[in-house]
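A short worksheet on the structure shown next.
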Amino acid sequence: MASKTGSTPATYSPSPATHKKKRIPIADVDWVRPDSRGFYQCRPAYLRTGAVSPAAGSAYAEFGNTKVIVSVFGPRESKKAMMYSDTGRLNCDVSYTTFATPNRGQGSDKKELSSMLHKALEGAIILESFPKTCVDVFALVLESGGSDLPVVISCASLALADAGILLYDLVASVSVSCVGKNLVIDPVSEEESYNDGSLMITCMPSRNQVTQLIVDGEWSTPKIHDAMELCLGACSKLGEVMRSCLKDVVTDLKE
Amino acid sequence: MSIAMEELATPGQELGKASELKAGKGAYVSTENGTTYASLTGFLSLIRPPSDSVDQRSTVEVTGHKAHGAVPQPGSIVFARVTKVMARTATADVVCVDSKSVREKFTGIIRHQDVRATEIDKVDMHLSFRPGDIVRALVLSLGDARAYYLSTAKNELGVVSAESVSGGTMVPISWTEMQCPLTGQVEPRKVAKVEA
Amino acid sequence: MVGLSVGEKNFIKGGIAQDLRNDGRKRLTYRPIYVETGVIPQANGSARVKLGETDVIASVKAELGKPRVSHPDQGKVYIYVECSPTAEPSFERRGGDELSTELSIALERSLLGGKSGAGAGINPASLLIKEGKVCWDLYVDCLVISSDGNLLDALGAAIKAALSNTGIPRVQVREAASSDEQADVDVSDEEFLQFDTSGVPVIVTLTKVGRHYIVDATSEEESLMSSAVSISVNRHGMICGLTKRGGAGLDPSVILDMISVAKHVSEQLLNKLDSEIEAAERANEEEP
Amino acid sequence: MEYVNPEGLRLDGRRPMEMRQLRAEIGVVSRADGSASFEMGNTKVIAAVYGPREVQNRSQQMNDQALVRCEYSMANFSTGDRRRKTKGDRRSTEISLVIRQTMEACILTNLMPRSQIDIYVQVLQADGGTRSACINAATLALADAGIPMRDLVTSCSAGYLNSTPLLDLNYLEDSAGGADVTVGILPKLDKVTLLQMDAKLPMDIFENVMQLAVEGCKAVDSYIREILLENTKTLEIHRGV
């Protein structure tokens, strides 16, 4: 299990780039977010690859209280005897630890999360590069602190890159919640529970392509524009952080 | 011909225009905007084309610091351990692809007709392989949903290492037989001609 | 599953590029919609919607329940989809489960609004009987009988029609019961309340084939899709939910364009659907 | 409880020997090879037939006859009280088997070796007699699919309550706990292919009740044949013959 190895020099510390200070003046800034962040400010990200040694690739991500560990196995023979296919397969599984949420053993719908993770990642993997075989992605949410799915997706993409699976691009994911008139980026659980709408974008930052987009609640078109722009901006910055994390590991290995 | 560039690339990183740069291993060309991107994390290397080639574009490769485990491809030579011998097929677990060991188990099948190149009809699977033998084989195709199809129908392919009933590692005495150094017993096998 | 040869695929793609699809439709034209309401007598409301050869049934059943602790002022709405093997042999046994779950989730996202209830087709607060004690639980059960693409839009339309057809018994709370006990309620047998369904959004799925996108794709066209975006839009032109399917990435500007196209298409669809529902309801009233 | 009132009328106003309103429609699932819906009063089922086609599971392939499979499913909203039904529970497995065996007996399976015929029945509304309705719908769907059969199979149930034999029980009568006899016959060949009964009946009464059910089957048969003929005629018109 990965733990915060804060003492080792290899630790990646969140760069200032994670703190998006694009403060736009908002009309009613009469409330403060539970963790006293700015509305357009993401939680500091801590990312690290190689958290699980038996896996082909793995990553650990910590965004505030949301802590996620993802391991990637394969490409390997698919366990299930399925139909022959020319392309590789992706198999995703998301699970929660029993202590991930305040109420013991009560996670949200994992089947749903697994299928959403699958959809977010499959467009970014060059499946033709490993015909007939299968890549397994296992995500474990150690602690659920809001925006779980975006963190799982970003972390899984990092783990895939760590495993040396050919990717079209990294996948970064960010969500926004709409609370009253305001948009808040990277919401925590509390904000998610009373939002009027949420929007999650998963994109390939350098290809400028959206692989997954989920919206619920009521949105006007200009608001969707704003929210998407906000998310895309955050995604590209998160992508940079992920890149530097990957590069740091290689540089460290060399030294 | 390769010139190592001490530069790191990550998946999705732009490497250049496809009109100037060909994509080698660990890189790909996007058909939408004609840009070459990296698809792996690792060091970039630029391979200059031979001076007489028509295409004067350089090829860019990304060498992964930790490429994924070896996966059998059609045409690759593999080493496999025989697990089951039946009348028409032998099943083997691939342990090495070319010179790399695999990280995960891959199953291969040597069919009756792929054991040797001549007198295919007279092949007796039980006189060619025994469970536990290490064979060198060629990957014919991706096979069916379950296994890769392997072939030993070449002189240099076949059993490279086998244990006799008494537990000694046998030495080849002909291309069809191996002998146990402990008991002198001769056992039939499809033996590979291993280059010294 | 639809098995198409390369030639057939190119034919369909070519047709879409020229704005003339296999069945003679334009890219942004829906197949004829046929609505029948009150098809399931034992439910509080029900409807059957046919969209070309796609055929779905939605039924609404109301039961008394207890509000969630986190939202004591709201009733609950559940949407379940079932795919009958009559529609596709591969749905037999558990084969349809994956699709069923996917559709249920997409429908809940599109029709039930955000966590606070904003943008919900049925205002969850209107389902409340006594705060923190009793509320209506709406169970929306859908069944796919025949499938020829665009299930989500058809299901969304069927749910809208079924909700318009739904009558919820009037309920009186007996105040005599002490506050900590389960509230005592009188359920009327005669008086039924209708929902205001004008806020229920319609779902418009835009399927991207090649460089163009089409609405109301048949299963043949769906087999060619690179990605599809389902957008639910209500009367006020607000976006109430969005789900993307298919692995291929989309440019953000394309998505925004799709949203504006969907808004445009949804207006026509809403009008068409409303008049169909009204006609179906009228036919029901005349029958007995 | 009084299931037959002194005037000789049942709870839903029928006479003891009266069947519920029958309604059938052919070709309700256009993508299937054959399909039909069948209503008996408030009981409504849909059947779809796919096949004959290649056998999906090789090990089940038979070299001398076709493989007939059947799956029975009930919609969540089909019964009065809503409950989430799990697919493949005991009841539906049993009914699937009953339908499969009944239909297999009438299909000329030896004409289609190494192939598979799938029958899917979906209950939209259940108000007693689903078994019979499913078999009748399946017969129509098979006929629509053009699968060669010895004869049509038709089915009907009968019961015995308040010392009166009753034809075509609805849900209330079915759950009264009296005897319930479901019969399936090949009407032209005059053979019984399905006979099920729960509870107990004296021999002589059983014969009466069964005879009543057989009469019901025959009535269903004449209705089904009418529908089939009508359908064939419309097809003919469409063809322009």
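The first chain written gets the first letter, and so on, giving A, B, C and D; residue counts start at 1 in each chain.
The rule is short, and it goes like this: a contact is a pair of C-beta atoms (placed from the backbone, for glycine too) under 8 Å apart; a residue touches a chain by one contact, two chains touch by 3 or more.
Every value quoted in this text rests on a predicted model; they were computed, and no experiment measured them.
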Which chain lies at the heart of the structure, taking centres as C-alpha averages? C
For chain A and chain D, what's the span in angstrom between their mean Cα positions? 53
The distance between the C-alpha centres of chain A and chain B, rounded to whole Å, is 36
Take the average of all CA coordinates in chain A, do the same for chain C, and state the distance between these two points in whole angstrom. 30
Separation of the C-alpha centres, chain C versus chain D, in whole Å, is 32
Two or more other chains in contact with one residue: find those residues in chain D. none
Quick check: what residues of chain A touch more than one other chain, meaning two or more? 168, 204, 207
Drawing the touching chains as a network, do you get a line, a ring, a star, a complete graph or other? line
Those chain pairs meeting the touch criterion are A-B, A-C, C-D
Hey, which residues of chain A end up touching chain C in the complex? 111-112, 115, 119, 122-124, 168, 178, 192-199, 203-204, 207-221, 224-225, 228, 232
Spell out the residues on chain A that touch chain B in their complex, using ranges where they run on. 56-57, 73-77, 81-84, 86, 126, 130-133, 161-170, 204-207, 239, 242-243, 246-247, 249-251, 253
Parts of chain D lying in touch with chain C, wherever the complex brings them together: 28-32, 35, 42, 46-48, 50, 71, 73, 75-77, 79-80, 82, 84, 87-88, 118, 120-122, 124-125
Once bound in the complex, which stretches of chain C touch chain D? 39-43, 46, 53, 55, 57, 59, 61, 63, 80, 82, 84-89, 92-94, 139, 141, 143, 145-148
Which of the residues in chain C come into contact with chain A in the complex? 70, 98, 101-102, 105, 109-110, 112-116, 118-119, 229, 234, 237-252, 255-256, 259-260, 263
